[in-house]
């Protein structure tokens, strides 16, 4: 059956993948309350469309940190694409680039960043890439990784701030899935050699004392704009802006780090209020429909990032599957905008959403 | 078993209809959140009856745009009645007319409007009809359709404003149900011929740039009162009144256009407040019981319109089935009014309904 | 298995009764939303007990209209006890009287009121009885029924005000259960004969124009205190007090008349506020546990009335079963009071209940 | 399979225990609404973590009544450990002591208090113990029990105040599980003999008139600090502080005494506000995850107490199982603190929790 919706790709990916690999992608921390909340929250938020606004053509393009994207949907950093499909990160990068969107390359990619950006640019010479970094305790090594990403043409550094320690992924622990199988390695963790080549991979470590001081250090380490990923508290959003970050990603890490964090869409309004338009706000977590994207925009997001759905597309159909996922979501967003009377993403305003009762909870 | 409630007709229709046709009627957009919400919302709204008010006789009749209807229940426009039963639109029109009610004839009817109104008037010479219009990009053609409806004796034009594009009906796409089967055509989409006859049918198109300007054009095209169907936002209700519409239909298109729009009954209070009695407000979506009708009246509706239940009655028993559906609902409304101490629909007031917590959400 | 809780009697009654008879007792109007709400509401209301209050002995007795009852629990009027068990109304009356409580005798009893009161007094000479009346359109006949109840020793008239018409009991209609089977008749509907004897039974009719004028007529027809049963709206409670009623019964007729009326426990706070202690307030509907009784008292009820549980006890064990039901509930209430630090029902105060969010809805 | 979470121990315990014994531990009063609420409440409370706070090392230790505990988790008093495993109370005491935590020894222990404290101290010489007391109507006997606990080295008396009568445990009544089977006795209920030895056990009685006067008596009977266990009402918390108690335990007795008491975590905020930091507040009920502990701390608890999970660990693996339960929960709390940016339990503040809508209910 031709997949019509993102959920069809999910079902197909589940059919195709080894159960332990499926669990790696699908699972979350502890009891997976947050995993479920991220998606279920959207049905509680009503859309109240405007009519007769003549929205014949919809302008979906957005500008994010100087990049013109064809739609307010980008690819969140997700690990280990070669586990999902032989096309791996190169396949997804090509599909995302071809869609006119931006990939955030995961530090835990199973393909070298240079190959990913090259693949993406082969599909679209203007394609943009950001690099997701788990800042490592060994700062010199972190510096080398950053410089590698810069050299590969990444235009921003997305620093994950929600992971001073690793989340409790019980599915993986039960499956004994604790390491990359076979010959796969996290290519971008390779040791920098004095020769300028890359040696053996390191394990990704966590920086338990990750702090705003590290952000200061990052400024000395790179001139790239720094994006913080994993902001959920409005006070941290405020601090991030005051500390000069270029953008923030509202994320609970897909429910994989701390369980019972509210759905990101429920957290968004308070964060958007705290940021007050000073920097772009990207939301990830739970996006499955065009109406989900529209709700995120209405609550103040600049764009959303897709995590698991990219993996589903890749697992179901390689590069083409990722392309189909993006194409379906674009079509759905476009249709939702038309039905809400919005000619451009800038017209997607708060009046279109009926807040769920939970929204008031997000006023901390 | 003799059907006792509208749900019995639903079950019988499901038994009788080809699954793809059943799905066409039953389905909605995307994940059908709104389809379910429309009906489930009613159980959350409490009725708190008044007693000892001596409501021995109940006056159910209402006046809507100059028509005296025997009850505040009319037939919403639904497509393709010949798919449900050979009696088709003529059967439903006769049943609705015999019940002293009003049919809104769908532009997507499988019977010509002249035949429908004639059938209705054969059952009740005073029967009234409104014509539902998807305004077509080709205005001359739209004009011809309008004139045809006028000539057939329709007394108002019900312009659907929630469909600048077509909703994502995944059931139909999965079933491959994308066109009328067999020899059926949407009769009222036939090409006007220079001879005054009607030629081949056109596909119904959508006017992506539908706007208030089209409403202005409509005034030049017809002297019929114009009703807007598909209003869900109170601000649009306000604009509609200011732009001189004769009535509005609060509708989310039965959940078939944009998913996650709240239940119409939850949207009604804010709209009724915006309209403030200046024009009649008709609600469609989810009406299954007499108490549902009473709640809509209590929240400010002038009348409700029945969509799927008319189809169920038709599928289950042709003209007679539609008549039974209307008769059961009338009896239920009458009983509910008696039990709430209301001698007339004008006495159905806000004090009878205990707002669900969601109502406060509808204050946008 | 020895029944430990009222729910055990329910299960046993269901096992023993003919399905159509079970349905007659268990069913309600339309979709039975209210039937379910009446019981499920209690779990949403939290008890927050007080401790260290030395409530060694609990005084459960209450005074209602001059009668001293051993506990704030009385028997609601329920019809057709001989359908449930050969002990019939005499059995239940004996059990209720033996428990030191009060029976409200149903006009639809299958036993003559004189026999019921005599049976009750054989178990407890001080037993009190009220008579439930469906005021009949034929006032002379109503008068005769009232005088019969007076003569039989009933000390109050409980006029059902929620039934100007009959509710839509779909279970009964589906079962064809529309009349008393066999030789059973509603004994208290017998025609008064000029001889002073009682002739053929009449069908119970409904007074569609029942109004406050009838209440005025009742004052001329009897000197008994008049209790109104079926009050759910605080405004009607206010009117009832102003019109001199002796007490009110907050009841939605066990969900059998108008569907989607809120649970009586959710309606109680607003009614208690309207009555403001001027007359006793009895609540029926959904009482299954001692904590339910305590919550009703905390929200302002003087006592509660048991409907279906009496039938369950009767069906499961005749007179003895009714006695067991009352005894279990008394024990549960006593325990709940002890655990809440209440030495008497008068100490059961509002501070013990944590209002459910719905309570605010009841402020109409 | 290696147990990874407390729920794994629950499953294992259920597999191993005789169903009636399982029911004794798992069951609660009446319909067990409170049993379920205690655990399910946590998923409704959102955690909104702070980031970039450099919480490399987490200080989990807390001081409670002069004892330094290695973590804010202690063992609630639970009865009859020898029913769960031959290691019995000695096994659990050793495990708790080895974990650097504190056991509240149940008066209904199946092991003598002297043996329990000795066992605990064999594992950790600094181990602390409190003794849970059901104050008995016979005060002289109560005095003897208290002195025995003092002599055994207990450093506080935890008086259960929620049990003036015994809760309605229907599972036990259905199972006929009304007494300790075999040769087991509640060792600490033995009669004090003039010889200074201990005679036959007494049944634990309840003091129906338990009151603040008994608290005054306790001061004369012991110099140990007195802790009240079973406080749920903020007004009682206030009184407790004013009456000089050393600490309170917010507890609904695991749902075993009065049904429909709200979850303890929902009751906590109002109590913490009433106590206002004047004495330590311990919460028991429903703790299953490290995030649960963190939420309790954030709402104002000083520590939490574990009831059923200790039993599960004991049943599943004896002393070792209890140790594993404590170790897993410590690890989970430590991880949750790291992920919330807390370097010490003192930094776990209110801003981390998003109150559930129910919290407002707790303002009585």
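For clarity, chains are labelled A, B, C and D in written order, and residue numbers in each chain start from 1.
The criterion applied here is as follows: a contact is a pair of C-beta atoms (placed from the backbone, for glycine too) under 8 Å apart; a residue touches a chain by one contact, two chains touch by 3 or more.
Computed from a predicted structure; not experimentally measured.
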| item | value |
| --- | --- |
| Of all other chains, the one whose Cα centre sits farthest from chain D | B |
| Same-site or different-site touching of chain A by its copy chain B, using the half cut | different |
| Distance between the centres, which are taken as Cα means, of chain D and chain B, whole angstrom | 60 |
| Centre distance in Å when chain A and chain D are each reduced to the mean of their C-alpha atoms | 43 |
| Two or more partner chains touched - positions in chain D | 357 |
| Touching residues on chain C, where the partner in the complex is chain D | 1, 4-5, 42-43, 45-57, 289, 291, 295, 332, 335-336, 338-341, 351, 354-357 |
| Interface residues, chain D side, partner chain C - complex | 30-31, 33, 161-165, 167-168, 170, 173-174, 208-215, 228, 230-233, 235-236, 239, 257-262, 266-267, 357-358, 361-362, 364 |
